[in-house]
Every structure is written in structure tokens, then in C-alpha cells.
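Next up, some structures in C-alpha cells.
First chain A sits with chain B, and in the next complex the same chain sits with chain C.
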Partner chain A sequence: MNQIPGRRRDWIQWGFVGPALLLLIAMNVFPLIYSIVLSFTNADLVGGEWKFVGGLNYKFIFKFAKYGQALRTTALFVLLAVSAELVLGFGLALALLERFRGKTLVLTALMVPMMLPQAVIALFWKLVLNGNYGIFNQLLAGLGFRQPQWITDPDLKLLSVLLVDVWMWTPFMMLISLAALNAIPGYIYEAAAIDRASRWRIFRRITLPMCTPLLGLAVLLRATDALKQFDLVMAITGPNDPATQTLSALLYQAVFRDGKVGLGTAYSYVILVLVIALASIFLRYMDSLQAQQEEVAR
Partner chain B sequence: MKRCIMMLLATVVMAQGVFAQEKSITIWWAQWDPAVALQELGDEFTEQTGIGVEVHQIPWLSYQDQVFLNFGNKQTDFDIVIGDSQWIGRGATKGLYLELTDWLPGAVDMQTIHPRAARYLCEYPPGSSKFFAAPCETDAIGFVYRKDWFEDPDEKAAFKTKYGRELMVPETWEEFRDIAEFFQRPAQKRYGCSLLTGRGYDSIVMGFQPFLWAWGGAWGDPETFKVQGHLNSAGAVAGLDFFKGLMHFTPEGGTNADYFFNLEAFSNGSTAMVLDYFPFYPGIVATMGDQAGFFKVPSHNGQRFISLGGQGFSISTKTTPEKQALAKQFIAWFSQTEIQKKWITYPGSFTANTELLSSEAFAAASPYNTTFAESLDDLQDFWNVPVYNELIAASVRHLGAALDGTVASADALNALAQEHEMIMMEAGLLEMK
Partner chain C sequence: MKILRLLFVGCYLSVAMLPLIWLLLTSFKLREESITVHAKYLPSLAAEVGPDDPYFRANLDGYRQLAAVYQGSNHSFFHYLGNSLLIGGFSTFCSVLIGTCAAYGFSRFRVPGSKDWLFFILSTRFLPPLAVVVPVLMMYREFDLQNSYLGLILLYTAFNLSLAVWLMKGFIDEIPTAYEEAALVDGYTRLQAFVQIILPRAASGMAVTAVFCLISAWNEYGFAMTLNNQQAVTVPVYFAGLQGNVQGLPWPQISAGVLLFVAPIIVFTILVRKHLLRGVTFGTIKH
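Up next is the complex of A and B:
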């Protein structure tokens, strides 16, 4: 077999890797470096000359209360939305685990919300929840209940956005939960039954631990998605409402409404650092959980 | 041969199309009645000059975002933008609006333009005689009220018994408060008033301003850009408290009422007095006829201030010099008194031409025109500095919190004044502490 000379071989290798590398640099590395540079400038969305302002953008982020508030709102939103979706989705999956007549139809109907675009869902719910002519309040009035202002009352705004998110994404959790439940081998349950384990004990010792890796993945996916929540907030309450202003909504407000590209980029980097830190903690936890399971299996 | 002739003809037709397209301008404006009217006048301009005019309408909610995103391009999709009065500082200082200082006074008789319209719609900085826009739609907020309720003999008698005076259009905010209280009957689904308190863009700012100014407060010092001591003065706090007090007399959701909420509150027949911009009223007149009357924003201790609305024609710097020349030709044509006479015949189209504003024809054209014309002398505007949007956004949050009752008026204004100063500092308008 003929050997390719060293220098030629190098060129061939670079020929294969080069285009992908160039694409990576153009699409990822360059924007990353450029945006880091932008975060130290007063760049404006509408263009024009910009100048370096040092760490001023970062100083403003830590000085203005609204940036911290948006972070807290987003954290609360992610925590409540993902928890509710996980519990409801897993509950639904348990209820739908057994075979019954019309199961396919029920499953299909339950999946409809997550198949629709978020913006459409948000506009639809905005009408449903309208305090004066929304169908929800008309139903409440018909039943003799008080009619809250769901999307204008400061105490209810975040709850309304949460409600829509939970309605939309619970089916996703249900789907993953169903997959996890179906993946548990039947012989484990049979062995447990022989040991006369109670239903609660089976659930706690077998079902839940064996579903955890997939549920963890679902939580990670949903949490990542909820962290970016924008469409629902934008359509239901707008990007400048402190009660519902998530990180994405604030970024939109800063960059597209105020035109502050430099400030917006700086804020993105602060968020990025936080998200990387949180994701690392979560992944470590997942790894340790998996290690524990493997230990038990051995 | 026949084929060659056909190809030649097709080429000529296509070339004509290209040339016709070159002699045209595109105007961007929000989606509402005056934009439809402008397109009709634009068609007339095309007939006279052969220059095409396309008025591209964008829904109000995304209008600002789309315009400034487009300004981020090397060349804008529009030649003229009819921008909100607050945008002028950003347009002027960021080099987006063409300066018209040398051209405008020669093309448009500025003596015929109402001084408040010239100051706030055309100049930056206001009063500097540096022009970046020409008047298009002059606008103000004003009240529409249930004339039939005010003229009902039983209501009049009941009001006189309770308040010891006649039920009539309020002159002062204190009279306004009494009337709102009188008509507030939630059990009957009847409400006293609906003011501007929405959180989407600037409606809460436009709604609060008349109280801020009438009670002696201000957004800040226009010379030094200092805000503390103006926006959080005792007068400003009293004004906000009064504004907040009126929330007891609104329909459900009245603490977050934007321009469209208010139109609905009046159109559904539930609310006695509603505040909105005049160009939104043709629809109300069409549906409610004589049931609707109009009055000026009331005063407090003889001080009356009215939030300015409206937009001016600004020419994009990011379009070709040829298009800029055509744009100037159109603006000069539109500003002629003869064309303005036609302009004011369209629903919701208002002029800044003082001669027309005081004419009998204008007064007779619609039931709200007289009130509109009388309102112009009291017009005042929000900051129109380049960071106007951040200032509005901060105002929406803090004033909203005060109206929602989550913070006291004084605390809300203190926090707002502090944030406004930080924004001014960041923008380099106020010295950094």
C-alpha cells in the first residue's frame, strides 16, 4: 500500500477539516468574540459610531434593580412552571399507562397544545383571560364567582402566564414520562409483587428511581426552554411589565426598543455565566444520581 | 418579425415600469384612519406629478420596533417615516433623520404652523429652530363623554342634590372627580371614567402628564436634565395621588387601560368619561352619534396641560438623494393650505395650520374639532431626548406600581426620578456622579 507523504497528508487533512472549521469560526467563534467586544461599547441598534465605555454596561446591570428583578422573575417562572409540568405530566402518564379504549384519541388530544406555535397560543389565551370579555370570566360570572383581572392585576399576571405555559408544556412532560414508564421491564414489578411490596413502595423504590434519568433530561430540556420564555410574555403582558418581565423580555426591551446593543450584550453574558453555573450543578447532580443507580444495580 | 416587435414592446413596457418605480416614494406610518387618508392624498399627488406614493401601514404595537430595526440597515425601506414626537431626538442625534433646517422654512410657511406643533413635532432640541421633521398629524388627548347622561333631567337633578351645582362638562379636575364619582355604579355596570394607564408603550405616561404638570411637577429641567426635585416634588406626588384616586371610578381593569381599552369602555356604553387621542374618535362618532360629546382636559388651580400626540414627516438619511428630493416635493405639496383643507376633511386627520384650525369649516367638520383646536395652546410633550424609550419604560414600571398600589406615590416618584437620572447619566446628558 502506497504511503501518502507527510506534507501532502497534512494538506488533505486540512482540506477535510478546514471548511467545517471556517464555518465554525464564522458562525460561532467570531460572533462570540465580537459580542464580547460589543458588551464594552455603547453600540446602538440603528448603527452609527460607537465607542468603548469600559465596564459601564456591567456597572449599570448591577446598579439597576430591574435586571436583578428580571432574573428573579425568570427563576420563579422556571421553578413553578417546570415543577407543575413535571408533577402534572407524570401524573397524567401514570393515569394513561394502562391500555383502555380510546387511549390514542386521548393522547392525541392532550398533545395538541404543544404542537401549536407559542405566539398563537398566547394570543388565544389573552382573549380567553381578558378581564372584561374573556370567556373564562364569563364562565366564572355564570357560576356566581368573582371575576379577576387575570392579565392586568399585578398579583395575577405571572400566574396567568404560568397557567398558559403549564397548559402548553404538560403534554411534553407526559410524553417523556410515558416513555420512561414503558421502559421499566415488567419482571421487576413481578419480583416486587412476589415480595409483596406495597403499591406506594413499588412507586417509590422502583418506578420513580427508574424514571429519574429520563425525567431529569425532560426537566433540563424544559428548564432550558422556560429560561428563554419570551413569546407568552410578549403577547400577554408585553416586554416591559415588571411582574412578568423575564430575561428574554428585558433583553428585547433593551436591544430592540431602547436600541442598547452594548448593554444588551453585556446582560447576555451575565446571564450566560449564571446559566452555565446552574447547568453544571444540575448535570453533576444527574451524574451522581446515575452513579448511585449503577451502584445499586451492581 | 412579429416576435421581435412583441419583445421590443415588452421591453419598453418593462422599462416604463422601472422608471415609474424610480419616481416614487414610500412612507411608513402606523395603521389607522389618517394613514388611509394620506394614501388617498398621495394618489392625488401622483396624478398631479407622476410621482408614486405608497403609504405602508404597520400596526401600532410593532410600529416603533419595525422602524428602528429598519434604520439599522444600510438603506431604509422607506423614504419618509411619520415618527412619534418623542422619536425626533433619537432620529436627529443618531443621524437617521435628514436635517431640514435650511429647506423647511422656504418650502413651508412656518408662520401658519401652530407654535406648539412646530416646537414638539419638528424641532430638536425643542425651540432650537433646527428642523428634522415637518408637521403631518397634529394630535392631542381629550375627553369623550356621554352627552345623553349629562343631559338626562333625572341625572341632573340627582347631581344637583348631591353636589349643589349643575351637572355639566368639568372645567377642573376636582369637578371631574365629582362627576366620575357620581356616575360610578358598578352594580349597574356603569362607570365614572377611564383614563390612560396602560403599560404597553406610553399610555400611562400620557395619562399622568396632565396631573404632573397641573400640580406643579415636571419630568425634569430641560436645560440641565436634572430630574430630582422636579419629578419627585411635593406637587408631583400630589398630582399622582389625585390621578391614583380617580382609579376608584374606573371600570374593572381601569388601572391598566390603554388607548384601545378606553375606546372599548366608551363604545360598550358603560363609561361616562373616557380619555383618548382625538384621531381615535371618528369611530365613536360614527357608532354613537349625538350620545357622545367632547371636552378639553380639565385644569387644576388654573393650570391646564395636555399631552401632545401626533407625528411629523421625517426624511430618512438612508435613502438616495433623488428619493430625498421627491420626499421634500411631497411634503411641500402636502403642507400647502389648499391640501391641508382637504386633509382635515378625512376622519381623524388633524392639521397644525392655524388659519384652518380657527376656521368655521374646521369647527363644523366634526363634533370634536372645536375641542381639539382649543386644546392645542395647552400642549406639552414628554422628553424627546435619544433615550426617550428608556425613560418611558421606567415611567411605565414605577407609575404602574403606584397605580397598582404596590408602592406609595412618593416612593414610586423617588425611585423613578433616580432611575431617570441614571438613564440621563448613561446617555451623557447629565454628569455622572
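Up next is the complex of A and C:
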């Protein structure tokens, strides 16, 4: 235990932790409570009088097809983005177990995309993906492939957003995969080598199961993030494109373009429930992970 | 086997670096050479180049024109860069300061319900920004904060606080309590012990935390766009605002601006690469 008991000075701990808690309550808890109230009203962005309308906003959300569509788009996006990032990131991490010169440099270069501002970089990606003069299509042409209109073809828009997301977040999966792979103790592999286990068997029976806890954590962190995807959609197609309208984009459209604050806040609650569901899985998972590790340590 | 692995890494790396290299090249181009059907990928100092050549006339026009006011905005790029610096810098300072204090409190004292409070702090990070942006906007209207620097600084400070507390708690937990105990016996007050004993030992951790906070404030777009449309406009909002321009986008200028804007992030990424894992997982994983 690191703690120093301070009996007569019970107030001092609150002096240390108080400002952080107060700020978080003011900027997170209060707005959340405020928005519950707003979600039952017909409040407007331009201001003016508003009155309670009961559950009308929630009823509207579940009746209107656009909202279901946005939910499906987001689910598809999360599923495809996270699985592509997982496969690529884990593959890269496996390949990077090899020792070679300049490895640190390669690793650092690989990590750069995930630190960049999504909204700004996505704007530049529009030049890269441009159907007529984009470098991506010119490379495809050089390799003898077709040159699709990535940004303007309704069937490909979501794929373009996905492509940029995968480019940005594969490094994240790679980073956590590397940590997981490096945490496997060498003697387990030595024992497997003595037993003359095949490479595939070692991978299936040792590498993969021992990485699963951390990979699960990475997937959940990425999934909660992808669920909130907004910046890329805004920059690449705008908030009101039916092909790429995610939950966040629709919320933005409802509140800031249509001015319907009551409806928007009701909608944000539906999103919030989804995120809380994912986050609670994540936290339960972290607890079981910790318990597991403590058992191993014993 | 080794060859195959290295080949895979090499392929991925070259594809992943392509947009960044293209960004660098575009920033040295002339406007008409930035959108050509035959890509120009080799810089040349020649005065004339053919339309189908792979050469472009390398120059610094893109960087020079950043100082000019582009149509559709009120100031030059550097004004918005200043805004980003001011807001990012202040909010980072506040997050690290408040976060370090809270982390010290949770690390060294028996705070009633500390597990629940820490869980609460972590959970704020999962909150979708758009779920709170509307009520925050309404709240800011009451206090007249909606177009101000202070409004964004407050918001980013709160936004980064969960990360700061969790990261700093990890760093402070590692500092042995023996130092403070000795100081307290020597007659230091608790606050003196914190400032003179703990802060110097936590300085490198605070620097790492500051880098992560700065990067996320620097990159933030959703709040910055929805809460501000006149005064405290940051660079991401400025760039996004150029999109609707009828004359087409001045790609060399944009590339030059983007490059200047992301350069510090790339430098910081290199500096904190050893701590990246801790930063992206909130310090819940320690090496």
C-alpha cells in the first residue's frame, strides 16, 4: 500500500482531487442531465420559447427510416473498420517480431498516422483519392486496374471513409498487438520447440490465446471510437450524405443544420446507451483481465 | 520466411507513407501542377516543364501564400495557428496541473469511494462528444462563452482530464512514499512535500502526459467547429471551412499549412514513442 493515512487532515485529499471532479461534473454530468430535460422538449437552436412534448422525439427517432439507416451504416462501418484494422495490425505486429536494422525508425513511421488530426488529414485524402487526378487512381492505372470515383460514387463513398479510417488506426492495433506478443514469455516457446510442435500449432495454441485478452481490449477501445466517427465523414462526404451518414453525422445534421435541439438530444441519448453498453463490456473485461493476471502472478 | 515478413512490412509502410510523401511534394508545387492527370512526382528547378513530364517546378509559393488571407475566411493561416497554440497550450497546462493534483490525491490518500471516482473519471472518456455538445452549447450561451477562447480551453481541459489523471496516477504510484514521509518528518507541510518532492520526480511523466493532452486538443474538430464560428477558430475548423470554395482548393497552400500544422505532432510522436502504449490505453497497460 502506498497510502499515508492522514487522520486530522481529511479535507486535504479533497483539495487535491476536488478540482478535477468538479470540472468533470460541470462539463460532463451537468450537460448530460440538462440534455435529458432538453430531449423531452421541442427546443430550437435559434432559441426562443420551448415546451415539453413528452416522448415525441423518441417516438420520432424509432419511426423515421433515416435513423435506422444511420444505425446500420454505423454498425457496418464499425464492424468492417475494426476487423480490417485488427487483421492488418496483428499481421504487422507478427511480421515486426523479426529483428532488422532500422526497426525503431520503421515502427515510429508506422505510428505517425494515428497521431494526426483526422479532420485535416481527411481533407488532403480527398486530393489523394480524387477520381481524375488523384495519385491513388494513377497508381491503380499504372498497375492496370480500373479507376473508380472514390469520393463521388455512392457505392464507394463509405469504402473511402473506411480506407482512411483503416489507414489511421491500423497502427493502434499494431501497437497493442506488439505489446501482447512481447509479453509472452520466451520459455513457453522453448518448451513448444522441445515438443517439436509445428509453427501453425504454436500459433494456434500459444500465440493467439495469449494475445486474446489485450486484442480484445484493443477491439473494444477502437469500437467505441469508431462508433463516434464524425471527423472523417464530415471532411470526406459531409454530414448529410445518405451513403455515409453515421450516427454522429445525423446528430450534427439534426441539431446544427435543421436546428432541432430537442430531437438531437433525444438522439444523442440513443447513441449514449449504445456506447455505455460497449463501455460496460470493456470495463467488465478489464476486471476479468486483471483478475486473470493476479492469478498468474500468484 | 524473414523475407516475406519484411516484404509485408515494406509494402504496408510504402502505401501508408504515400499520402504523407504526396503531402510534402504537393506543398512545393504550383497550383496548376498540383492537380494534373499525369502525376508530377519529381521536383525540378527548370523554368519550363512539359505537361506530361513527371517533373514539377519546385517552389515555396505554397508556404509564402499562407500569410495571405484566403477567400472565405477573415484571417491568414497563421492567425488560426496562433488560436490553436493558445487554446492547446492553455488547456494542456490546466489538464496536467489539475490531473497531477488529482492523481496525487488518489495515489496517496484514502479518498472515500476512490474506486468509483476513478471509474467515473475513466467513463467520461467514453462519452461521445456529440452527446454533450448541445447542452454545453446551451450552457455556454447562458454564460456568454460560446465564441470565446475560454470556452474551448475549459472544454478541452475537462476532455483531457480523464487521460491526465489515469496516466499521472500510474507515474505517481511508482514514486516511493519514503521521500515524502522523510520530508513530512522534517516538518514540510503536505503541500510543500507535493511541490518540492513529488513534482520534480513526476516531471517526465507530466511531460509525456502533456504531449498526449496537447495532441488531442490540437487535433480536436467536433467541439471546435460547433461551438465557434467567429472568434476562437482553430486550424482544423479553418481548413474544413475552405472546402466549400467555388474556385477550387489551393492544394499547395493547404498542403503547406497541413504540413506546418502536423509537424509538431510528428516530432512529439517521436519523442513519446516509448510511452505511446500507455497513452493510447489510458495507462491501464504498463510495460
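Just so we're on the same page, the second predicted complex is superposed on the first by the 241 of 298 C-alpha atoms of A that agree within 3 Å, B and C clash if a C-alpha of one lies under 4 Å from a C-alpha of the other, contacts with A are read in each partner's own complex, and residues count from 1 in each chain.
Just so it is clear, a residue touches a chain if its C-beta (ideal position, glycine included) is under 8 Å from a C-beta of that chain, and two chains touch if they have at least 3 such contacts.
Keep in mind that what you see is a predicted model, and the values were worked out from it rather than measured.
Undergrad: Which of the two partners, first being chain B and second being chain C, lies in contact with A:Q118: first, second, both, or neither?
TA: In the superposition, A:Q118 touches chain C alone.
Undergrad: So, A:F256: does it touch chain B (first), chain C (second), both, or neither?
TA: Touch partners of A:F256: chain B and chain C.
Undergrad: What is the contact status of A:L21 with respect to chain B (first) and chain C (second): first, second, both, or neither?
TA: The second partner, chain C, only.
Undergrad: For A:I12, is the partner it touches chain B (first), chain C (second), both, or none of the two (neither)?
TA: second
Undergrad: Is A:F172 contacted by the first partner chain B, the second partner chain C, both or neither?
TA: second
Undergrad: Have a look at where A:N132 lands relative to chain B and chain C in the superposition and call it first, second, both or neither.
TA: Both chain B and chain C are touched by A:N132.
Undergrad: Quick check for you: in the superposed arrangement, does A:L227 touch first (chain B), second (chain C), both or neither?
TA: second
Undergrad: Once chain A of both complexes is superposed, is A:S268 in touch with chain B (first), chain C (second), both, or neither?
TA: Touch partner of A:S268: chain C, not chain B.
Undergrad: Where does A:G102 make contact in the superposed view: on chain B (first), on chain C (second), on both, or on neither?
TA: In the superposed model, A:G102 contacts neither chain B nor chain C.
Undergrad: Between chain B and chain C, which one contacts more residues of chain A in the superposed model?
TA: Between chain B and chain C, the winner on chain A residue contacts is C.
Undergrad: Need the overlap of the two footprints on chain A, from chain B and from chain C, as residue ranges.
TA: 47, 132, 256
Undergrad: Can you name the residues of chain A that touch chain B in the complex?
TA: 44-48, 56, 60, 63-64, 66, 131-132, 147, 149, 152, 154, 237-238, 240-242, 253, 256-260
Undergrad: Provide the residue numbers of chain C that touch chain A in the complex, in ascending order.
TA: Residue positions touching the partner: 2, 5-6, 8-9, 12-13, 16-20, 22-23, 26, 34-39, 41, 98-99, 101-102, 104-111, 117, 119-124, 126-136, 138-139, 141, 154-155, 157-159, 161-162, 165, 173, 177, 180-181, 184, 190, 194, 215, 218-219, 221-222, 225-226, 235-236, 239-240, 242-243, 249, 251, 254-255, 258, 261-262, 265-266, 268-270, 273, 276-277, 280-281, 284-285, 287.
Undergrad: Which residues of chain A touch chain C in their complex?
TA: That would be residues 2-6, 9, 12-17, 19-21, 23-24, 26-28, 30-32, 34-35, 38, 43, 47, 88, 91-92, 94-98, 100, 104, 106-121, 123-125, 127-128, 130, 132-133, 135-136, 138-139, 167, 170, 172, 175-176, 179, 214, 217, 221, 224, 227-228, 230-231, 234-235, 248, 251-252, 255-256, 261, 264-265, 268-269, 271-272, 275-276, 278-279, 282-283, 286 of chain A.
Undergrad: Can you list the chain B residues touching chain A in their complex?
TA: For chain B paired with chain A, touching residues are 64-65, 68-69, 71-72, 90, 94-96, 199-200, 251-253, 255-256, 264, 387, 389-390, 393, 396-397, 400-401, 404, 406, 419, 422, 426.
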